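Next up: some structures, all given as structure tokens.
Next come two complexes, and both contain subunit A; in the first it sits with subunit B, in the second with subunit C.
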Partner chain A sequence: MIRLIIIILSVIFYPNLLSAQNKITIGLQMEPPNLDPTAGAASDIDEVVYGNIFEGLVRIDQYGKIQSGLALSWDISKDGRSYVFHLAEGVKFHDGTDFDAYDVKFSFNRARAKNSTNAKKYIFKPIVMIDVFDSFTIMITLDHARSDFLFNIGLGDAVIVGEESAANNVYNPVGTGPFKFKRWIRGERIELIANDQYWGGAVWLERVTFKFITDPLSAYTAMMAGDIDAFPNYPAPENLFLFEIDPTFDVIVGLTAGETILSTNNKSAPFDNILVRRAMAYAINRQEIIDGAMFGNAVPIGSHFAPDHPYYVDLTALYTQNLTKARALLKEAGYEQGFTASLKLPPPIYARRTGELIAYQLAKIGIDLKIENMEWAQWIDQVLRHKNYDLTIVSHVEPMDIVIYANPNYYFGYDNKDFQKIIDDIDHSNDKAQTEKLYQEAQRKIADDAVNGYLFQLGKYGVWKKNLMGMWRNYPIRANVLRDVYFAEAQ
Partner chain B sequence: MMGAYLFKRTLSLIITLIVASIVIFIMIEVVPGDPAAFMMGLSDNTEAANAVRTELGLDASAWQRYFTWIFGMTSGDFGISYTYRIPVSELIGQRLLVSVPLTLYSLILSTMIAIPVGIIAASRRGSFVDTVLMGLAQVGVAVPNFWFAIILVLFFSTSLGWFSAGGFLGWDAGFFQGLKALTLPAISLALPQAAILSRIMRSSILDVMDEDYIRTARAKGLSKNQALIDHGLRNAMIPVLTILGLQFSFLLAGGIIIESIFSLPGLGRLVFQSIAQRDLIVVKSIVTLLVFAVVMITFFVDMCYALVDPRLREGAQK
Partner chain C sequence: MTKFPISLWVGLLMTILFVMAAAVSFFWTPYDVRELDIASRFIAPSFSHLFGTDHFGRDIFSMIMVGARNAIGVSLLAVGIGIMIGVPLGLWAAATRTYGGGFIDEILMRTNDLIFAFPSLLMAILITAVFGPSAINAIIAIGIFNIPVFARISRGAALSLSSKEYIMAARVSGKGMVRISYEHILPNILNLLIVQATIQFSIAIIAEASLSYVGLGSQPPDPSLGRMLNEAQTMIFFAPWLVYFPGGAIISMVVGLNLMGDGLRDLLDPKTNKAKEEDVVA
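== the complex of A and B ==
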């Protein structure tokens, strides 16, 4: 009798004991608003669907490199304008419909249509013509050579959707990927199951659950209670040591594509004066910020570029903390007595903590910052849309987004013809070595002009069970691709 | 006569709702922040934001939107959530399936603790037992429920592994699985409520025990406990019912911190998240729904007064 009770109790309390480990529960802090990566900008959508439910012509791997996707190979014409993609055959969407070149044409036309809500329409702007040669060969012609086109169509915003299912992807996503959407308990979890028909071969995991845990402490208890197998980006760097001392977990600190910067309104006085901006750059001590705000878990940056990218130049030595120089520059600019400005901070904890330290550091050269904490919607309205701000702190998480400095209407208000020329040259570049040189020039230019305060690259704090293999170390794009993920015992 | 009473109540309910809907609508209109811009995040894309605005019907005039919303709601159509893009009624319905059971569960727990504790403490006023019980109640009021919740999780989930640390799979996973998932949250919510309720219960009984009719009952030869149970308890319940009604409306959406700690998809978190994401249509609907719930609960509590106190019932029929 007692034995029976024990068995019943253990089935109730440990249902996992009865099955092998081919299911995984992944913790995420933010729930996606919907599941269509081609509508809206939320990277939270990509974290669930990219490479799992949806696939693009090419895919971006965990090192930020371009790999073949639904296009098995491609030829680029000499002038760099035309791409001929050779598509995989026998691929089916999750609703059973066939994938072919017409789906590619449909997806790209949908994304660039007038009423499209695609957040990265600029990817498709250069497309002049889409020619379907046959069911599995398609040619895309651009206005001119574009060095970033192939990378861009690897982003979540350019995944291939089916004509029959596209409209419902927001709540019932249908793609070609290794996992199919099963259900979504809003506010709690999203469940996926393996796609037996997957064209790319079998996957290890049978069931995938993404569980949404907003509260950092609850994230900790859920990991410790064994509810969660992996937190690809654990929300509280200050608690990482708790996992490091626990032998059942691996803690992997990687990089994201998020440059955390002290964004500066280059159009409003006194920040329109380069001397003031340089003075601020000399007042900032990056290591102090990284230690204080990120508990040492972040990489300093000197410009707006990801440190793990092959084109990266380390410019952190351009300005190192030097208060004498900073005060001299302020004096030269006519602000010997310093000045008062506002620092508007969005909700993420990195921004709030960094903000306190920036205010403390700038106070040393007489710049008195009034901190204003805001919620996201307010911040987007005031800072981003109406440019009604002096300084703010935010992480720019889009990959390769240095191009935003070429837009004089973006909220930095940086309007520099030389820089715009560099970006235009990059745009037209058809030569890898030249592209690299130009990107490095671009990094130097904005660092030299001290457009914004360049602080640190946001880390990716991966925490997962020791026997879990194949999780991404870095976030070159926000994605948790589970195709090659497995538990060591299940091998 | 009861019919006239009901008619009056219904009329005041409708007026309350209309006034509330206008106030809610105006308040939400003046809040800065645009749902379409929020969806586009940091990306530099006004064209797509405008497309979203059109898609969501945000470019209509305020009057137009108010009447669409109100008339839709009277026919059960709450509109489509800006963020989730599913019907608001479906979204709220799912959350109510968590929040209503959780609220009832914690109120049942708190009543089950509070009523006996209140009776025992009152019947032994000034004794050692009374001091201990009221001391515990004092602690129960003072302890923040989120702290208590975390202690429960660390003990029952992390150390003992009896419960999962959070989450709710829905009722289709089985009634007992659902109940189990709600147990720790319900206990956390119930503790401070039970503490308040037992203090109210105790003082309410003590008040009643000083009444003339109890003295009469005692004079007729009933023991103190008999007099309390036969004549005192019903009357002592009135303030307790008032508090219970208030607690119900509070817990329905006020359990947000506990919902966050246990990652429960409840109503409180939905309101909070919708405000942050400017999913204004959801905010409007939930707040209106809560106003409706509060009014209905007050109505229901009034009916209960009549049930425990015949004088009120007769008064209503006069």
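== the complex of A and C ==
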């Protein structure tokens, strides 16, 4: 009898005991500028909408592998130029309209149109023809075989949008994904609700709230107070051990596609001199930076490539700290007395801390760095756009972005015909072994030229409640796909 | 002469302590504040590191010495700007009013009101954001907002003196307005200015700390008390000394200066002295 009363009372006061929690609040540090992943460069957009609201023909999973998406299967012609996609049937957009091959054609044509604001138009550039065979079969023909095409159309920039709703996706995103957009309270949160009509089957979560908390201290207190169930990428690595000793949280240190580098303006003196750049590479102590700035939670890199990628070559031993060598190289370059340069730092903690350590390490060989801390807007304008900088520290979070070194107008100012040839060969390669060899050659080339200082791969510091299952461990692309996320039954 | 008020003693002592620490830091600190040593980070306060070490293994005590030096330097220069520009403007305004017209006085004082109308810290942030964060720009930004304070104080005091007999006498004897201001008015309002300068100095310390807290003051690796507080935020749970000591330093500097200002006012300001004497008589 008493037992029965206890059960009844507990059901009244703790209804969650019977059913597992189906609402989730996720903490993000940055608020997206808008919600259309096909019309903006910010990875903050993908963190909310990718795989949740919008889906592509294929999707990229948490290990960076290509999985089927709206296209259930595909055939690639022998010459590697034509892709025939077999699309899922019975898929509806959130506004009730049907999804078919014409939406794919519309989405890709929209993205590659002249007036398109897509941040990665290069994905669509090789497309020469899009043929709709029937409502659920579509063929895409490329100018020549491309090894990276399938991966690229899995990115957030290539998601499929509806013709009727595309124009309003910026503020009212309508996709085919497992969650529907509910509302956005600017500066605070974005709410999604489960899509009952989802073609891929039912999802566990009913409601999803993304909360934006810029300040790491507030993020910590919000986690500890239980206001937030998960922080997929917690901003302050020094606090991770506090979560680790707390039995209510899981801490998962994964990898991102973010190569954190000391970007160097290869066009401005004295950094146009390879001897100076190599001297700097010899002056840098990666382990000290990883320990000091990231509290040991990062993987060192020797080139611009993610260490968890199958094509990765470990080049961290190419330059290890050797001050005698560094000074000798500087002397050879004619800078025996050292020189003064500016180091412009964007706001993230990793950049600011790494910056202080780099300035300290380079001071040992006589390079005096003047640190300038800036906001993102200033940084993008001065460094990225106008290339008005000597050195800066930033994490390049795009996957497989070693190709940016082939662009002489990129802010590194690295203009090397040999390297551009390698990337061009990769573009034309249709053979896996050949592609791998070329990618490794590319990694070696930029490491050898010491184009930038290669420091570490930015970690993904996932912190969430212990009973929360299915969160992404890694960030091969910036996304928090919640399709398979659920709370385990409370004990 | 009235005897030294107790608050003056306490304030003076605290201020001298920091000024001395700042002065000593020019040629000696217990540890080099530019030397980073990751292996010895987060050492709790102990004999070897009196105030502990931070996340880069730097000695907090040394950083506070240098940070205090930077704060005092910035504040001194900023208040200096305020005095050098504000006082002449105030005296000029008062003189034009006394010598008839008063048109210039109107213009100067309404401009003053305009600057006063903006929240000073917000404007300082705007200035440093536009011209780039650096100690120099922080000095200019804080200095600009000290100008109207000193202009208004000196104008008011000068106006109240202008009807005094000895000023009349100086006018009758043919002295010009510049000489009267310089030789007769300025020495007689000096006590007011000293008291105000002390108060403004403490406000400037807070302003400097606030600016560097939001990253607009002096840039790393120069230690600054405000930035130390900012950087310590996420470490407060396991290394609280990173917050206690820089925060304590800012508070003691400001309290010390305020006590000193109060004490100086009691000592120097003729009005409060007179009021006290009247109290005694009554």
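We take it that the second predicted complex is superposed on the first by the 469 of 491 C-alpha atoms of A that agree within 3 Å, B and C clash if a C-alpha of one lies under 4 Å from a C-alpha of the other, contacts with A are read in each partner's own complex, and residues count from 1 in each chain.
In this section, a contact is a pair of C-beta atoms (placed from the backbone, for glycine too) under 8 Å apart; a residue touches a chain by one contact, two chains touch by 3 or more.
Everything numeric in this text was worked out from a predicted model, so none of it was measured.
Colleague: Using the touch definition from the top, say if A:E259 reaches subunit B (first), subunit C (second), both or neither.
Modeller: Neither partner.
Colleague: Taking the superposition on A as described, I'd like to know which of subunit B and subunit C A:D427 touches: first, second, both or neither.
Modeller: neither
Colleague: Go through the superposed model and pick first if A:R189 touches only subunit B, second if only subunit C, both, or neither.
Modeller: Only subunit B; A:R189 stays clear of subunit C.
Colleague: Determine, under the contact definition given at the top, whether A:N239 touches first (subunit B), second (subunit C), both, or neither.
Modeller: Only subunit C is touched by A:N239; subunit B is not.
Colleague: Applying the document's definition of touch, where does A:D250 land relative to subunit B and subunit C: first, second, both, or neither?
Modeller: Neither partner.
Colleague: Just subunit B (first), just subunit C (second), both, or neither: which does A:N118 touch?
Modeller: A:N118: touches subunit B, not subunit C.
Colleague: Touch check for A:L217: first (subunit B), second (subunit C), both, or neither?
Modeller: A:L217 contacts both subunit B and subunit C.
Colleague: Can you tell me whether subunit B or subunit C touches more residues on subunit A?
Modeller: It is B that touches the greater number of subunit A residues.
Colleague: Identify the residues of subunit A that lie in both the subunit B contact region and the subunit C contact region.
Modeller: Common interface on subunit A, subunit B vs subunit C: 215, 217, 375.
Colleague: What residues of subunit A sit close enough to touch subunit C in their complex?
Modeller: The contact residues of subunit A facing subunit C are 215-217, 220, 236, 238-239, 241-242, 288, 291-292, 349, 352-353, 355-357, 359-360, 363, 370-373, 375.
Colleague: Could you list, by residue number, the parts of subunit C that touch subunit A in their complex?
Modeller: Interface residues on subunit C, with respect to subunit A: 34-36, 38, 41, 55-56, 129, 132-133, 215, 219-221, 233-238.
Colleague: Considering only the defined contacts, which subunit B positions touch subunit A in the complex?
Modeller: 32-35, 37-45, 47-48, 51-52, 54-55, 83-86, 91, 94-95, 150, 153-154, 157-158, 161-170, 176, 180, 260-266, 269-270, 273, 276-278
Colleague: Applying the document's contact rule, which stretches of subunit A touch subunit B when the two form their complex?
Modeller: 12-14, 33-34, 40-43, 114-122, 170-171, 185-189, 211-215, 217-218, 221-222, 224-227, 375-378, 380-382, 384-385, 394, 396-398, 404, 407, 409-410
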